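In what follows, chain A forms one complex with chain B and a second complex with chain C.
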Partner chain A sequence: MKVSIARGELLDALSTVSKGLSSRTTLPILSGIHIATKGDMVVFQATDLEISIKTSCKARIDEPGQAVLSGRLLTDIVRSLPEAAVTLEVSAGGSALVTCGQSKFTMKTLPADDYPKFPEVDPSTTVSLPTETFSRVVHQVSKAVSKDETRPILTGILVVVDSGILRMVATDSYRLCVREVAVEGMSGDIELVIPGKALEDVAKIAGAAESISLGVSENQVVFTFGDTTFISRRIEGSFPNYRQLLPKEHATRVIIDRAELLEAVKRVSLMAQHSTPLRISVSTAEHTLTLSAAAQDVGEATEDLQVTPEGEDIEIAFNHAYLVDGVQVAEGDTIALEITSPLKPGVLKPADGDGFTYLLMPVRLG
Partner chain B sequence: MTACVWDDLPGQVRAVGYLRSAVESGSVAHAYLFVGPTGVGKKSAARALACALFCADPTGCGSCPACHRVKNGTHPDLHLVRPEGVAGYMVEQVRGITHDVHLKPIEAPRKVYVLEDAAGLKAESANAFLKTLEEPPADVVIVLLATDVDDVLPTLVSRCHVVRFSPVPPSLALGLVIERTGAEESDARAALAAADGVIPRAIAFLASPGRQRARRAILDLLKRLAVMDGHDVLLGARELLTEVRAPVDETKTAQADELADAREYLTKGAASDMEKRHKRELTFREREGIAEIMSVTESWLRDCLVLSRGADELIENADAADASAEIASVITVPAALAALEAVKTARSRMAYNVSPQLVVEAMLFDIQEVLRCPR
Partner chain C sequence: MAEPPLTWHARAILHVDMDAFFASVEQLDNPEWRGRPVIVGGAPGGRGVVSAASYEARAFGVRSAMASGQAARLCPDAVWARPRFDRYRELSAEVHDIFRSVTPRVQQVSIDEAYLDVTPGAYAEADPVALAREIQRRVGGLGLSCSIGVGTSKTVAKIASDRDKPHGVTVVRPGREAVFLAVLPATVLPGIGAATAERLRDVGIHTLGELARLDATSAVRLLGSGGPDLVARAAGVDPRAVVADDTVKSVSNEHTFARDVRERTDVERTLRQLVARVAVRLRHKGLAARTLTVKLRYADFTTKTASRTLGVHTDLEDDLLPVALDVLHRAWTAGAGLRLLGFGVSNFGEPARQLELLAETPEEGHGRSRSLAESIDAVRDRFGDDAIVFGHIQNRADEEDE
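What follows is the complex of A and B.
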């Protein structure tokens, strides 16, 4: 095989498929990127047997063929090269020559026939939506995805498309994030749980493409954007019924400037390290929300914020890191904090509208 | 080509019938525990079960692409797992399985997980596995393999359907070994004795010159044992262990090559994981080698016993018959049993992680005592 590709395009393609390389694998073949020619294109593939990524780019093909090269090494080499055409030449003897300008690299190849076949997926439903919306929603809910493998279903994000509305839900049982957006011109109905990491990866690498299509089959989910295909296995099981967790009413509602709250929470969190809760008390008479934290043997922090409260005076405590996450990804410049009682979850919402809900379990006050 | 995947399992009519009817009536359980001596076809039965579940034909046609891939071990929805630790499964290994169990299958309608040596699921790893074993997703079948129900933690057993496999009769086993290797009958008999009657291990033994050398070394030592002094015994034990380790060294070289290859492609973390796995495998191999020479010792002592009773046709080590005949002419039954007891003690010492060299030395001295005064 002998091909020439512009360095920029080659690097883009390699960084895209690199997301599919598994870092912990003990099968050398899976640390490689499969490169093959197809017409006047070069197709790149990587897989860790859970997700598979394929992308292609235009190239000058002098000699067709296929090869598997160490993904990490090749990407590092190409990244360090100057902006020019990169020639990749693979000889039958199992070595590859990478040349660009005056630089020359030779590296070993892996047997291309051993490479796992790219999965053929025949989606039963396909939905197309703007990448920007998709990535933003994924970014917002992915904070709440669980990292605990003991409840595998929670390591996924529930994705629902229903009559023009895209909804994603994630929870790690300490917090729950629901985001809903209406997408114009989107049709089709789907409901499935996708591994959170796969969605995050897609959101990261799909940046440049305008729209992204999401195909669902019995066992897999296929994302297609630009020249790239990304396939992930679905998670089994049913997602918890999150609707019954959302409180229907509240005793206190506080409208706060989001940026101000974020800064204040971060500052006070400095004293709320480890398990010390971050205490929030609302005074309706004084129109204040007081954040405080006290770490034993270390010190205390307090900060008052001017807010618009409704309802009763109340005191509640949260895990500071989870609160920061929620405020960070919330919609709108002003947000509403709704509290029912110190022992029931608090809810963060945009001050007007309800496309975003971040439910947060309280910490018992000492 | 077999017309039916279940036909490949000689001597397991009951177990096969039970599994087959479960698949055909669509009442396959979520978890099975296959129990039976090593080498009776538990793993093959698990494979046949996977075939029958993956194949469009519920009897398992044995010839469609899915069946072929199961047989070749390349089907992505059949997971064969062996313990990676010296003493059993590692918690991380179990977590990996749990993670995969909860993903949808890749191409088959179901997923099958076969865990070899379920006795290796000890407290920690078993606890990590309990929830998955109890209620896996509907399309998952988990098969645990074990030699004895009592070796497996009761918390695991109670979550599985137990399927018992009967031992393969020695004559059938002998026939199978001869059929598959083309060895002489006496060699096949000796191999089976060294391999504790386990058919695949006997076949591997016949293919390994190193392991056969180790067998000859112990037989030679036993022959001269009665006339050796203490120093000779110690030297003999040391030489014997060198022989036992020689096949292990072959593995070591192969591993070094694999690791060198791996370092070029894998991340540091993955390579060091591989190195650790290799070390565990080496320890395991060495223990297996020691167990093998103990089996040889046992079978030789048994030969002495059967010869002394005049049942000449029952001997297993025909090539060492001259030595065993000599001992047989003087040995009494209680003395032979005492010598066999010494080997049993040595085995249990190995299980307690005593250094192999010490165990072998102690065993040889114990047997020597019996042989010197065989009444």
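What follows is the complex of A and C.
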């Protein structure tokens, strides 16, 4: 195989499929990117057996063929090269030559015949989503995805498309984020749980494409955008019934400028290192929301914000990182914080309008 | 220039005792209660007891630790307040700040009582009596009242502070200790309770002056091994220093094995015991820790420690034990002989717990751990550490007895 590809396009293709490289050392072949010619295109593939990614780019094909090259090394090499044509030449002897201008690299290849076949997915339903909307929603809910592998269902995001509404829900059992958005012209109904990491990866690499098509089969989900196909397994099991977790009433509601709250929470969090809780106390008489944190042997921080509280005076404590996450991704410039009691979840939502709910469980003190 | 005649040339210790502290705080926060008898404690309907009584209530004979029902009969018109310990601690901390501005040597004995070393030239500059009056004035500024004893030792200062309550300053100048104490009943000396006083009366000792003349042999016979110290204190001799409250940095416990142990079950059982003891001490001190350290000393005396930091502060063995066991097993391979095992915790903070959305009943699991731990603590406080133990620890004790 001998192909020449513009450095920029090659790097884009390699970066895209690199998301699928396996970090497991038990199967060395999975650390490689499969490269093959197809007509006047070069097709790149990577898989860790949970997700599989395929993309392609135009190339000058001097000699068709296929090869598997160390994904990390090849990507690092191409990233370091100047903007020019990169030639990739694979000899029968199991080594590859990468040249660009005056630079030459030879690297060992991995046996291409051992590479897993790219999965064939035959989706029963397909919906198309604007990339921008998709990526924003994923970004918002992914903060609440669990990293705890012992409860696999929580490492996923519930994705629902129903009557023109896209809804994503994630919870790590400490917080819960629900985002709903109407998408014009979207048709089809789906409901499935997709690994959070896969959705985040798609959101990252699909940036340039206008829209993403999402096809669902019995066990897998396939995303297609531009020249790229991204396949992930679905997560089996039933997602927690999040609706019953959403508080129906509240004792205190505080309307607050989101940017102002975020800055203040971040400042006070400096004193809430590790898991020292961040306390919030609301005074309706003083029209204040006071944030404070005290770390033993370190010091204390407190900040008063002028707010418009409704309801009762209340005190509650949260994990500062969970609060920062919520305020950071909340929808709207002005948000509402709703509190029921110091032992019940607090809720962040847009001050007016809906479509975004971030629930976080408090830290019980003492 | 000649020195003023009354310069204090000796150690100077203040004992500051807040006057009817809890009740005073309630009267401070509820101005309409001032001048009225106020009782802090469980309401008389139940089986509560009196935590504190204002001076107005004391006039009716109401005392701390009295059954609430009895207090209500003595003083039917009293205002009853439920204790608000957070508020008391808050004001106690403010009072403590005043002390700390006077001297670095402050030993807080309880929420409403402290010793201060104000020895001129050593820890303070001003005259001790002037300092006592200043403290009283500044405590008054918080809306509270205290009584202060000024003396050359803790014993003298403590006894003096109780002579003129409320709002008194009692000064026992250097050299006047024995005279001051001699006429007082022996029961004012801390350590002489009702039973001891009775034994002393049997041998004709009623006052501290009489106690001060007791010989060492009789002192041990009548008062036990601490007798000679009590006799010295009755004469005003008490060298004990005011020990500034150093913040506790860690709580730990170690066990040296009678012979090297290699078995996993033996080592785990000992670790369980150590963890349980450390957790009890944490709860007693009102501390919660995040960092756990397991210490291992091998047969060849090499020592190794391994630590882990938790997500939250805790004072419960249920939280500490699984992590401690994991740390142990990462640091130690069964079969390697151990001569010592230690367990300690540090990195203190507020006991806090991240609540969960998806737990069946969010509080249930943890609530049970806490109430179990507290019940066990209560049994141990009353009947001793061995009164109640877990089965997995008990087994070992039985085997050792065999």
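Throughout what follows, the second predicted complex is superposed on the first by the 364 of 366 C-alpha atoms of A that agree within 3 Å, B and C clash if a C-alpha of one lies under 4 Å from a C-alpha of the other, contacts with A are read in each partner's own complex, and residues count from 1 in each chain.
The rule is simple: contacts are C-beta pairs under 8 Å (C-beta built on N, C-alpha and C of every residue); 3 or more make two chains touch, one makes a residue touch a chain.
Bear in mind that the values here come from a model prediction, so they are computed numbers and not experimental data.
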item: Partner chain in contact with A:23 - chain B first, chain C second, else both or neither; value: first
item: First, second, both or neither for A:153, with chain B first and chain C second; value: first
item: Chain B versus chain C as contact partner of A:335, first or second or both or neither; value: neither
item: Contacts of A:212 with chain B and chain C, given as first, second, both or neither; value: neither
item: Touching partner for A:145 - first (chain B), second (chain C), both, neither; value: neither
item: Interface residues, chain B side, partner chain A - complex; value: 76, 95, 98-99, 101-107, 131, 137, 139, 261-262, 264-267, 269-270, 273-274, 277
item: Partner chain B, residues of chain A touching it in the complex; value: 23-26, 28, 31-32, 49-50, 70, 72, 108, 110, 119, 149-150, 152-153, 195, 218-220, 233-237
item: In the complex, chain C residues that touch chain A; value: 247, 290, 309, 311-313, 347-359, 362-363
item: Residues of chain A that touch chain C when the two form their complex; value: 171, 173-176, 240, 245, 274-277, 294-297, 317, 319, 343, 345, 359, 361-366
